[in-house]
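These are the structures, in structure tokens.
One chain, chain A, links the two complexes that follow: it is found with chain B in the first and with chain C in the second.
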Partner chain A sequence: MMAFPDIAPAAAELWMAIGAMALLVYGVLRGDGSTRAVVWMAVATLLFAAWLVWSHAEFAAVTFSGLYIADRFGAFAKILVLVGSALTLILALDYLEREKLERPEFPVLVVTACLGMMVMISASDLLSLYVGLELQSLSLYVLAAFQRDSVKSTESGLKYFVLGALASGILLYGASLVYGVTGVTGFSAIATALGGQERSVGILFGLAFVAAGLAFKVAAVPFHMWTPDVYEGAPTPVTAFFSLAPKVAALALFIRVMTGPFGGIGDDWVGIISLLSALSMLLGSFAAIGQRNIKRLMAYSSIGHVGYALMGLAANSTGGVRGILVYLAIYFGMNLGAWGVILSMRRADGKLVEDINDLAGLARERPLMAAAMAVFMFSLAGIPPLAGFFAKFYVFFAAIDAGLYLLAMIGVLATVVGSYYYLRIIKIMYFDEPAPGFVPLNGTTGVVVAAAAVFTLLFFLFPAPLVGEAGLAAVALFP
Partner chain B sequence: MLIQFIAFYVFAAVCVGSALMVIAARNPVHSVLFLILTFFNAAGIFVLAGAEFLAMTLVIVYVGAVAVLFLFVVMMLDINFVRLRQGFMQYLPIGATVGALLLVELLLVIGIVVDSPDAGGLGGAPMPPVERQSNTHALGALLYTRYMYLFQAAGMVLLVAMIGAIVLTYRVRTGVRKQSIAAQVGRHRADAVEMKKVATGTGVTL
Partner chain C sequence: MDWPILSTLTFLPLVGAVFILIARGDAEVVARNARNIALWTSGIVFLASLALWINFDVEQGGFQFEETAPWIAEGIGYHMGIDGMSMPFILLTTLLTPICVLASWTSIHSQVREYMIAFLVLETMMIGVFSALDFVLFYLFFEGGLIPMFLIIGIWGSDNRVYATFKFFLYTLLGSVLMLLGILWLYFQFGTTDLTELARAGIDPYWQQLLWLGFFAAFAVKIPMWPVHTWLPDAHVQAPTAGSVILAAVMLKIGAYGFLRISIPILPDATVTFTPLVYTMSVIAIVYTSLVALMQEDMKKLIAYSSIAHMGFVTIGLFTFTPSGIEGALMVMLSHGLVSAALFLCVGVVYDRMHTRLIAEYGGLVNRMPLYAAAFLVFTLANVGLPGTSGFVGEFLVLVGAFQDTTLVATLAATSVILSAAYALWLFRRVVFGALTKAELKDILDLNRREVAMLLPLVALIILFGVWPMPLLDLFHAPVENLIEQHELALNGLRGVGATLAAQ
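Take a look at the complex of A and B:
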């Protein structure tokens, strides 16, 4: 007989699971009219879960017979995911009501997606990795197709589903190869098994397939094909959600898998990651130049940013992981703000502006909104002293420390090219002939955007808490 | 021993034969019925191998749910299978290539198993002998203890799948004439029947 497992380290996950079910019951009983209430309750659920994670952050524990690991690294990523998702939900509320999408399942699916991300982040076994990934992906597929009367949204959901299922298959195939060679699925057990034996072809194939599956989930080139179409078709708040929380979760999982079970064979995967990183940075900057739709542009921008973050993983060091975590936190802040502005850019007739040229003259109509957008765009481009510069600074530093000079150079070049399309948006907003009729930000969105702008602007004054926490989290991964 | 031997070959032969018929039958309904026959015989082979849990799952899940669903789809949807099959043969080369590749891979796997015969015992939880514990018990003892976390998480995945199916397909239709049982039961005689006194020869006005 086995003793009942210690469930205390997974308190936040349990809370999220129970919360999702309770919200679902409430939403179903009260009908579509209760959406606003369910959204706010979902925000409270997410924030309370973040607090639970926060209060347990110091205690590292492995439970559920080695399937689940709680550590500082996981806590950092989880808090980022939970707080970010809560803020995205707040931004989404207004849009849902305007587009007649107010159904209580929306916040419930966001909560279950977050639960899946938490399972992913805390995975310490190939099995829990896969289950978490599926829970997350399945919720995201449904969210992408949520606007089911729109052909674009359905197409986006279907495309995401088919390609996502393919990626899951590739990942599973790699996992089965790893299991076949080592005979175990636990991360630490795999690391032990790989330490003692000679590197076989099976393990290299397994590693490559697992990396390809994960690269799809983070949308790194050459596994990025789905991103622009899915981002363009999905309802805008869902796109905002896609570009934030799932990226963090998948990157955290990527880091954990590469440094954990495959930590001992770093020489074999650093090349793979470097290539993914370099290609993503280049494609992210060059392909975005021709885009006219702001959602597609943000999709390419997110591909590029994943490339920069992966540079930290290619460094395969504590400094590199710290760099990624700082990068993700800052990316979160500036991207959230940018999406807040995009979600509010609409004309008086209620139509959402998606074409970049329609932004012309925003600065004259809505100076504060344009100023906030300019801050986010400058920051995304990586111009000092805004937060985005520091994000890049830490990963570039780690890459140079690890001797990846070529990769760092490609990164710098890509940044220069990428600046062009970020600056073009600013140019259109400030210097083009105005097209009047922009609606002001609504209250809650305004608060979120303002908070994100302040964070982005003033990060350089107080970088220590965030960088310190990220450092502690990174140390937890490299014992 | 001999009976097992005969049983295996009967099951295997029927299994392969009916699998062939699944793709050879002209009528799609017959195809599905042959598919069900294949499942039953594969379940028989599982029982012979001492994996009665897999056998039962195969019958319950695949025959009970999947094959019946196929049958419904085949019978309800108006698909012209004759036209679907036209030009079928032009895919033969690519199909044969894929089949050959799979065969080579299978042989490789078998080669590995032959290479290290005790690989099966290396797993985290080796199967106890059938005389001591049936494998339904053995699976349950693992699933609800060591893998409880995954079991619960898989439950959440299924819940999300259900929510998703409802969100994407359910529509509230207006003007549906639903049966209201409470209203029917709660009806009084006085609401429905009206008694009229009829004077002889005058008739009634309704």
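Take a look at the complex of A and C:
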């Protein structure tokens, strides 16, 4: 009989699983009226899980027969996912209540999605990778279609599901090829197997399919087609959630798969990643220019940002991974704030608006809200001294170190193109004639947005702690 | 450790900006408080910057008031310090900011709070650029200045402001992003981005050329040199008066300062290689933009083109590598800082009254505005470079330096003396002299006390430095000598020797 596995390294995941089930039971028993309570309890669950991860951050272990790995890299990404999701839930609360979406399933699905992300981040086997990915994806499909009376939302959910399932299939097919060639599914076992033998065509196909599946999940060009539609159709808090936590988890998984099992054959995948990165940066910059809907615009913006993050992966070094982690953390801060403002784009009569021209003259109606949004936009564009500049700085840093001059050059030029559409939002808010004003930010949203703005503004003063932590996390991946 | 005076100066305006941000009350009260706080803050910063001059050691060629602190990584630190080449520009910035606040006192009436915050943030960025001795820090301030300027032109500018401000922002950003990659490359080659250490690094000549072109893109757009100057006339025309003042007087100098602080010391071989290119572009700028300036119908546009021509003088002077050429270039930069600021203020004075900048709408102002005419005359003559004004000293020295290097360039550059006289005096004649025939101008008022307070210091300084330029030239001697000495040593493959000797 097999020994009972050591469950201590996965304490946070277990807590999340039990928490999700308990919340579901509570929500079902108490009915829709309990949504607010369930949201706050879900926030508490997520934050407690984050604390659990934090307190064991220096702990490194492999358990569940090699399916699960706990390390500093995982801890960094998980804390980002958990704290980010908790903040997104807080932002969502007001929206859910106003749009009559008060159903306790919402926070529960967020918690199960986060659980899936944590398993993804900690996967050290193709099987646990797939299980985590599917748990996350299935929760997200439902969330996208959460506003079930809205055609757009159901369309978005269905589209996401069909395309997501296809991507999962591609990924699984790649995994099966890898298994077929190497005969193992554990990451370290695959790495060992690949180290010894001649490189077969099978492994290249497997690698390409796995990379394509993961590229779909992070929405890198040319696997990005679903993003704008899903982002536009899903309820806004769900879109905000999509653009944050799942991105972090999928990128973390991407990093782990590429540097772990395929770490030895870096020459074969650096080209793939560089291409994905360059295409994403370019498309993210150019395609966003024509967008009128703020959610679609943010979708293209997120595609572009994934391109920059992938540049760090293309560098295939600790510096590169550190760059991605710093990028993700900063992206989280500024994007969360931007979504807080977007969620508050509501006229005095309660009507929600999504057209960027509705922001016209916001600076005169709601100066602080506009100032915060301007900070986020300048930061997303990567203008110093705001945090977004440092995000880009560290990935360019790694890219130059790795000798990826052409990629870095494409990156900086895409920055200039990209800054145009961020500036356009500032132009609409500051230079155009005022449209009817929005309702003020509500209390909790205001706090989150203000905190994000302060973080974005003042990051340049103390970059060392975050960068240091990210550096330690990156070192964990390259033993 | 001594009091960190440079950091204090740099970040003091931000303190004022925070105070303005938290000002409460109805719009009227906030606007009044914002103006007062901005004036007081910038005034205090100016007085504090005078302390910099008083405590400055003119004899020393190296950096003074140095401050270091760990920042981003090993080798990328917070390093501030100034020498005789950067100190006057800090003073120029701190002098012009309160004047700009005064110039905006009544002409800006919407979103005054945001306006004043933007100006104070801009002041921080500009002082920072001139004090930064770390390349990343320099870049941070260099680019950071774009944000407030983008907003100043875009929010408070004239009709076509959106086009102008986007053009300004994207041009400058495109120019400077390649510099960032160059900075990172330098870091990985030499493990530092400290400008003082990079100057001793000894970079392979092939790479020097690539880096030089990357940095050149950033600085040439900022200066701006022909043919990447087209953003400037648009930005100047559309910006509010104070925005044009800062843009012309300080921001254009940042590009030339970048050559002096970065390209020349760090990349000496490439600098020599590309000197003919710079000469060509500068001469074209001088002749072409002066001719273009002649034909302008908009006063601000005319001054904008004249700025490009003057900056052509600066770049010629810098690349002569003679003491008089470089000192002259610095002198032209400072003088142009005062003169162009003053000219834009003069345009602002009549614009506030008549709301037009078209030359044809004016004429005969001397009859109603004698004080204004007198001040305008001083500035016009300084712009032409009449002996006795600060404009003459710099241009003369540049021409002396250029003659030592190449007669051809000097001869062509000297045509500017005639051309600038043509466009500047013609502008003055059309606007100020003649009979006052236009009905709208019949009851135009002369300068009020606030406007006199704005223009008087500039008149005084322009004449003072015209007849007694020694205080400024003394500042330049030691660092310029050091720069040229290092440059020659570097070209002979003896980099760093002189610095070691000097340190002993």
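Side notes on the structure shown:
The rule is simple: the second predicted complex is superposed on the first by the 479 of 479 C-alpha atoms of A that agree within 3 Å, B and C clash if a C-alpha of one lies under 4 Å from a C-alpha of the other, contacts with A are read in each partner's own complex, and residues count from 1 in each chain.
What we mean here is this: a residue touches a chain if its C-beta (ideal position, glycine included) is under 8 Å from a C-beta of that chain, and two chains touch if they have at least 3 such contacts.
Because the structure is a prediction, the values reported are computed rather than measured.
Contacts of A:Ala17 after superposition on the shared chain: chain B is touched, whereas chain C is not. In the superposition on chain A, A:Ser243 makes contact with neither chain B nor chain C. When both complexes are overlaid on chain A, the residue A:Pro5 reaches chain B alone and has no touch with chain C.
In the superposition on chain A, contact is made by A:Asp401 with chain C only, not with chain B. After overlaying the two complexes on the shared chain, residue contacts for A:Pro367 are found with chain C alone; chain B is out of touch. In the superposition on chain A, A:Ala145 contacts chain B only, with no contact to chain C.
Of the two partner chains placed by superposition, A:Ser285 touches none, neither chain B nor chain C. No residue of chain A lies in contact with both chain B in one complex and chain C in the other.
Of all the residues in chain C, the ones that touch chain A in their complex are 70-73, 110-111, 113-114, 139-141, 143-144, 146-147, 150-151, 154-155, 161-162, 165-166, 169-170, 173-174, 177-178, 180-181, 184-185, 187-188.
Within the complex formed with chain C, the residues of chain A that make contact are 363-364, 367, 371, 374, 378, 383-385, 389, 393, 396-397, 400-401, 405, 408-409, 412-413, 415-416, 419-420, 423, 426-427, 430-431, 460, 463-464, 467.
Interface of chain B with chain A (complex): residues 112, 119, 122-124, 145-150, 152-154, 156-157, 159-161, 163-164, 166-168. For chain A in complex with chain B, the residues that touch the partner chain are 2, 5, 10, 17, 20-21, 24, 64-65, 67-68, 103, 105, 108-109, 112, 115-116, 119, 127-128, 131-132, 134-135, 138-139, 141-142, 145-146, 148, 157, 180, 183-185.
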